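Structure record follows, encoded as C-alpha cells.
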Amino acid sequence: MSKIRVAVLGASGYAGEELLRILLRHRHATVTAITSRSSAGKDVSTVFPRFTNSKLTFVMPDAAQLAKNCDVAILALPHGTATEYAIPLLESGVKVIDISADFRLKSTEKYKEYYKEDHPSPALLAKAVYGLPERYRGQLKSADLIACAGCYPTSVILPTSVLLAAGLVSPKGIVVASSSGVSGAGRKVDLPYIFPECNESFRAYGVVGHRHLPEIEQEMAFAAGESEIKINFIPHLIPMNRGINSTIVMDAAPGCTLDKIAEAYQKAYGNEQFVRILPAGRAADTKYVFMTNTCEIGFFLDARTNKVIVTSVIDNLTKGASGQAVQCMNIRFGIDEAEGLI
Amino acid sequence: MSKIRVAVLGASGYAGEELLRILLRHRHATVTAITSRSSAGKDVSTVFPRFTNSKLTFVMPDAAQLAKNCDVAILALPHGTATEYAIPLLESGVKVIDISADFRLKSTEKYKEYYKEDHPSPALLAKAVYGLPERYRGQLKSADLIACAGCYPTSVILPTSVLLAAGLVSPKGIVVASSSGVSGAGRKVDLPYIFPECNESFRAYGVVGHRHLPEIEQEMAFAAGESEIKINFIPHLIPMNRGINSTIVMDAAPGCTLDKIAEAYQKAYGNEQFVRILPAGRAADTKYVFMTNTCEIGFFLDARTNKVIVTSVIDNLTKGASGQAVQCMNIRFGIDEAEGLI
Amino acid sequence: MSKIRVAVLGASGYAGEELLRILLRHRHATVTAITSRSSAGKDVSTVFPRFTNSKLTFVMPDAAQLAKNCDVAILALPHGTATEYAIPLLESGVKVIDISADFRLKSTEKYKEYYKEDHPSPALLAKAVYGLPERYRGQLKSADLIACAGCYPTSVILPTSVLLAAGLVSPKGIVVASSSGVSGAGRKVDLPYIFPECNESFRAYGVVGHRHLPEIEQEMAFAAGESEIKINFIPHLIPMNRGINSTIVMDAAPGCTLDKIAEAYQKAYGNEQFVRILPAGRAADTKYVFMTNTCEIGFFLDARTNKVIVTSVIDNLTKGASGQAVQCMNIRFGIDEAEGLI
Amino acid sequence: MSKIRVAVLGASGYAGEELLRILLRHRHATVTAITSRSSAGKDVSTVFPRFTNSKLTFVMPDAAQLAKNCDVAILALPHGTATEYAIPLLESGVKVIDISADFRLKSTEKYKEYYKEDHPSPALLAKAVYGLPERYRGQLKSADLIACAGCYPTSVILPTSVLLAAGLVSPKGIVVASSSGVSGAGRKVDLPYIFPECNESFRAYGVVGHRHLPEIEQEMAFAAGESEIKINFIPHLIPMNRGINSTIVMDAAPGCTLDKIAEAYQKAYGNEQFVRILPAGRAADTKYVFMTNTCEIGFFLDARTNKVIVTSVIDNLTKGASGQAVQCMNIRFGIDEAEGLI
C-alpha cells in the first residue's frame, strides 16, 4: 500500500509538535510538507529539537505547491486562518483536516456571536463533518473537510451525548467545571503563562462565554434532539503540562440508575478503542490518559440531590487535538483507526 | 502584657508545621508545649528541620501536665481524637481551639451519618463555637471551645453565606467544584500521594458524600435561614502543594445584579482584613493567597443561564487551618486579630 | 515472522509500566506472561488503569511455567532477586534481560562492597553482557544474559566513554552532578517521596558511595583502558516525573578542542538512532527526551580552567530502563533495533 | 523610635514583590515610595493583587523627589541602571541598598569583561560594601552604599569562604553545580520560561562564563587570601518557583576531617540566625528554606577521592535578594537584624 502523503500546516505550536510525534511513527503515512511562516527554510529541529533526525524542513505555506505533494492537509493554524488554505486545497482534491475551531459550528450566527465577525465561508461550514469519530464515524469515511472537535468539547461531549440521547439526564441546567494543563493555552509567550505565574496557581478563566461553549451546546443539542441547550461551562488552568478533566453535573431523569448509565455507555462505547468507561463510583484521572488518545469516563449518581455526575479526562494535545486528527485521517483513508496512536 | 502560653497538640503534620511557623513569629504568644506521640523526646527539628533554632522538644500529650503550662491548647490531632484532650483541658480552665472536624457539626445525627459512630460528647458539640471569625467573631470573643472551620468549608461558606443571607441566590441546586493542593490530604504516606502519582494528575475524589459536605450545608442553611440545604460538593486534587479553589454555581434570585452582589460583599467584608473581594468579572487565583490568611473572592453573573458564579481561593493550611486557628485565638484573647498573620 | 514471546517479571513498578507501554505497541513481540507476587490473579488494569484493554492478567512468577511460553524474560524485579529466576530460565533456553543492577558489575569484590553481601552467582556475572547497545552491540547479538545499564550510568557512560577512549579528557578527577525525576526512586511509598515533600524541593542524596558509582567507574575504566578510575558522582532529586540530567566536569587532555570532541562524537554516534549530539555550546534538556529512548548530549570547553563540560539527558524509565531493555531485545533477536521505540 | 522610611525602586519584578512582602510586616520600617516606570500612577495591587490592602501607588522614579521622603532606597532595578539613581540619592544623604549586580565587583576590568562595557562609576564601586552580613557585618554598620550579594553567590560563598579561610580545602579546581527555581530568571516573558517549556524540564545554561562567576571568584579569593581563584560554576534551571541548591566539590587539604569542618562552621556561624549547619553527612534541601532568609549547609568528606563536598540551599528571592537587603538595612540602621525576616 502506498503511504498517505500528509502536509502539516502551522506546525510550530504544541499541537503541531504532537502531530509530528504521531505521524513520524505512523506506518501508512508520510509527512511530505510541513509549513511555518516564521521558520520557513529552517530545519524542524530548530523549533523542536526532539525531531533532529527527521530531516524535515519548514516551508512557506503555499496551497498550490502543497496540493501537488499531498493527499491530506492537517491544519494546525491559529483560529481564523484555516479558510484561506482550505478552499484551494479542497478544490485541488486534497482532503482537509482542521484542528482549529473554524469549521466546527453549524450556525453562522453563533460563529459571529462568539468570534465577532462573519464566517468567511458559510458553504464550507455546511460541508464540514465534525471530527469526533465516536459520534460521526460514518460521515467521516467520506468527508472532504473535517473539523476536529475541540479539546474541552471532546471531554464534555463524549460522556454527555450518550446520556442525553438515552434520556437518562435532563438537558436543562447542566454545569461543567473543566480544568486544563497549560499547554492548552498554546505555545503562548505571555505573562500569565510563565512558569512562576502558573506553578502553585489554580484559577478559573473565561467563566462566562468561553469560545468552546457554543460548540459544546451544539453537540449536546444534536444528541438530545433539542433545538437548543444552554449550559454553564467554566474552564480552569492547572499547573501541569497536559490533560483536561471535565466534571459534569446533570439532573438525573426519572428512572435513571447507575446500571442504566453503565448500559448506555457500554452500548455506545463498548467497542471503542479510545474510550474507557470506569466502574461506577470511580473518578477519572488525567494521568491515565497522558500522551494517549483515550477518553476515560467515570460516573456517579447522587441520590440526595438526584444528580448524575460524570468526570471525564483526555490529553488535550492527543485526543483533544492531534491524535483525534490522525484518528479521523485513518478513518477517512480506510486504514486501521488506531495506527500511530497506540 | 504577658504572653499567651500556647500548647500545640499533634504537631507532626502540615497543619502543625504551619501553626509553628505562625506562632514562632507571634509577638504576644509563646509555645510552651508541643506534643507528638511518635516523636516525644525528640527535638522539633528532627521532624521539621526548618525549626532547628526553635529549641522546642516534642513531649507526650498529657492533659494534666499541659494544663499547668498553657492558657490555650490548639489541637491539630487526627479526626476523632480531640474529645479525649478537650474535656480535661476545658475542665482545667484551658481554652481549646480544635483544627479537626470533631466539633464542627451541630447535629449529632449528621455526625453519625458521616463519621459512622456516635459523637463522644454531644455536650461539647453544643458548646463549641464555629471558628470562622468573619461569621462568628462576636461569639468567639468569649468561647471556651472553638471548632475551626474546615479548609473546603471556609472557601465555600465565606462567599456563599453573604449571598444567601441577602437573598441574592437561591438555596436550591447549588453546585460546588472545589480543588485542593496535595497538602490538603495531610502528611499521608500512601501510594496515591507519592509525587509521580500526583504530578501531571488531576482527579476528582469523594464525589458523593465527602465529609466536609454536612459542615458546608449546615452553615449555608444558617446563613439562608433555611432548615436544610442540599448541595453538590465535588473535590479534586491539584498537582501543587497549597491552595484551594472553589467554583460555585448558584441560581440568581429575581432582581440579582452584579452591583447588588458587590454591595452585599462590601457590606459584609469591607472591613475584613482577611477577605479580598475582586472587581466583578475577575476570577480568584490561589497564588495570590499562597501562605497568607486571606480568602480572595471573584464573582460573575451569567445572564444566559441566570446563574451567579463565584470563585473563591484560600491557602488550605493557613486560612483553611492554622492561620484561622491563630486568628480565632487572637480574637479570644483580645489582641490584634492579625498578629502573626501578616 | 512469528512474534517474540516475552515474559515480564515484576511489572508493578514504573519500569514495568513503561515496559508494557512499549511492548504493547511492538509489532514483533507479544507479552505472553506478566508476573507480580502482590497482584497475581488480578487484571493488569487494577494496577495500571491505562492498560484496561490489554486483557493481561498478573500471574505468580514460576520459572518452569514461564519457560514454556516465552523466548525472552525481561526482569523488572527489585535488586537482589534476579538470580533466582535467571538461573532456571537460562537453563531452559530462555534469554534473560535484567533491568536491575544484579549482573552489571564484573567484580564480585565491588558487588560485595556496595551491596554488602556475596554475589549469589559469580558465574552469571561473568557471562552477562552489559546492556548498553551503543557500546556493546556486537556482544549483545548473541548474549543469553543481558544486564541493562542503569539509568544514571547510561547518562554518564555514553558521553564520557567516547572522550576517554579518544584520550581527549583525563581519567582523573572527574566530577559528575546528576539529577533525576522522582520516578527514579521507583514506585516507593515512603515519606520523602510524597508530593508535598518533593514539590518545590531539590536536594542531593547518596552524596558519597551511591550504588551506581562502581558501575559508572567500571565502564569508564574499560573505555579509558585503565585498571581503575575513581570519580565523584553526586545524585539529586528534581520535582518532576521523568528525566535525568548529568553534568560532567573533566580535565581536558592536551590538544583537546571543541572540534575534536565533535569529531569523536560524530564517529562514535553519527549513525546511532538513539544518541543526539548537540552543536558545541548548547546544553541538553530533559524535556527533549521525555518518553523517548534518546540520549541527548551537549558539550563545552572552558579555556579558563581547561575543563571539558558535558551535559547529558535521558528519560530514566525509557533509555534508562525499559526502552533500553527492548532495544537490547531487538538486537538479540535480529529485528529492527528501533521497533517499539519510535 | 521613628520608623525607617524606605523607598523601593523598580518593584514590579519578583524581588520587588518579595521586598514588599517583607517590608509590609516590618515593625520599624515604612514604605514611603515605590516606583515603576511602566506602572506609575497605578495601585500596587494592579501588578501584585496580594497587596490590595496596602494602599500603595507606583510613582515614577525621581531621585530628587524620593530623597525628600526616605532614609534608605532599596534598588530592585534591572542590571546596569542602578548608578543613575545611586549617585543623586547618596548625595542627598539617602542610604542605598542595591539588589542588582552593579556594585558587587571590586575590579573594573572584571566588570568590563563580563558586562561588555566600562563601569559607569568606579568610585562608587570602591565605596560599596558587599551585602553579605555573615561576612561583612562590621562594615555594613556604617555603609552608605550596599551591594547585596547575588543569589547563586550567596549560596556558594557562605559555605566555601569558611573552609577556604580555615585552609581545609584547596582553592584550586573547585567545581560548583548550582540549580535554581524559575523565579531566578526574573519575571521574564520569554519562550524558555513559559510553563510547558520549564515543567518536566531540567537543563544547564550559562555553562561557561555566567555573570555570577567573577563575583563568586572574587569573594573566594578574599576568603582564601589568594590574588585569584578560578572555578567552574554551572547553573541549571529546576521546575519549581523558588530555591537554589549549590553542590560544591573541592579538594580536601591535608589534615582535613569532618570534625574540623564542623568546628570551622560552628566557629563562623554558630551564632548566626540565618545559617543552619546540618550534621555531617546530611544534604541540604531547598524546601526547608522556602520563603525564609536561611542558608542551610550540609557537608561530606569522600575519602576515596579526597574531596570535600558541600551542598547549600537558599531561597533565591529571600536570602538571595530581598531578605538579604532587609537584613543589611536592619544592620545599617542598628535594629534587630531579624526584624521582618522571621
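Chains here go by letter, A, B, C and D, matching the order in which they are written, and residues are numbered from 1 within each.
Note that in this section contacts are C-beta pairs under 8 Å (C-beta built on N, C-alpha and C of every residue); 3 or more make two chains touch, one makes a residue touch a chain.
If you're wondering where the values come from, they're calculated on a predicted model, not measured in any experiment.
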| item | value |
| --- | --- |
| Greatest separation from chain B - chain, by CA centre | C |
| Between the pairs A-D and B-D, the one where more C-beta pairs touch | A-D |
| Interchain centroid distance [CA atoms averaged], chain B/chain D, Å | 36 |
| Length of the line joining the C-alpha centres of chain A and chain D, rounded to whole Å | 47 |
| Sites on chain C at which at least two other chains make contact | 181, 197, 199-200, 239-241, 285 |
| Chain B contact footprint on chain A (complex, rising order) | 173, 175, 177, 179, 181, 197, 199-205, 207-209, 230-232, 234, 236, 238-243, 245, 247, 249, 281, 283-287, 290, 298, 300-302, 304-305, 307, 309, 311, 313 |
| Complex interface listing, chain D residues touching chain A | 14, 181-183, 187-191, 193-200, 239-241 |
| Chain A residues within the chain C interface of the complex | 24-25, 49-50, 52-53, 200, 273, 276, 278, 285, 288-289, 291-292, 294, 296, 342 |
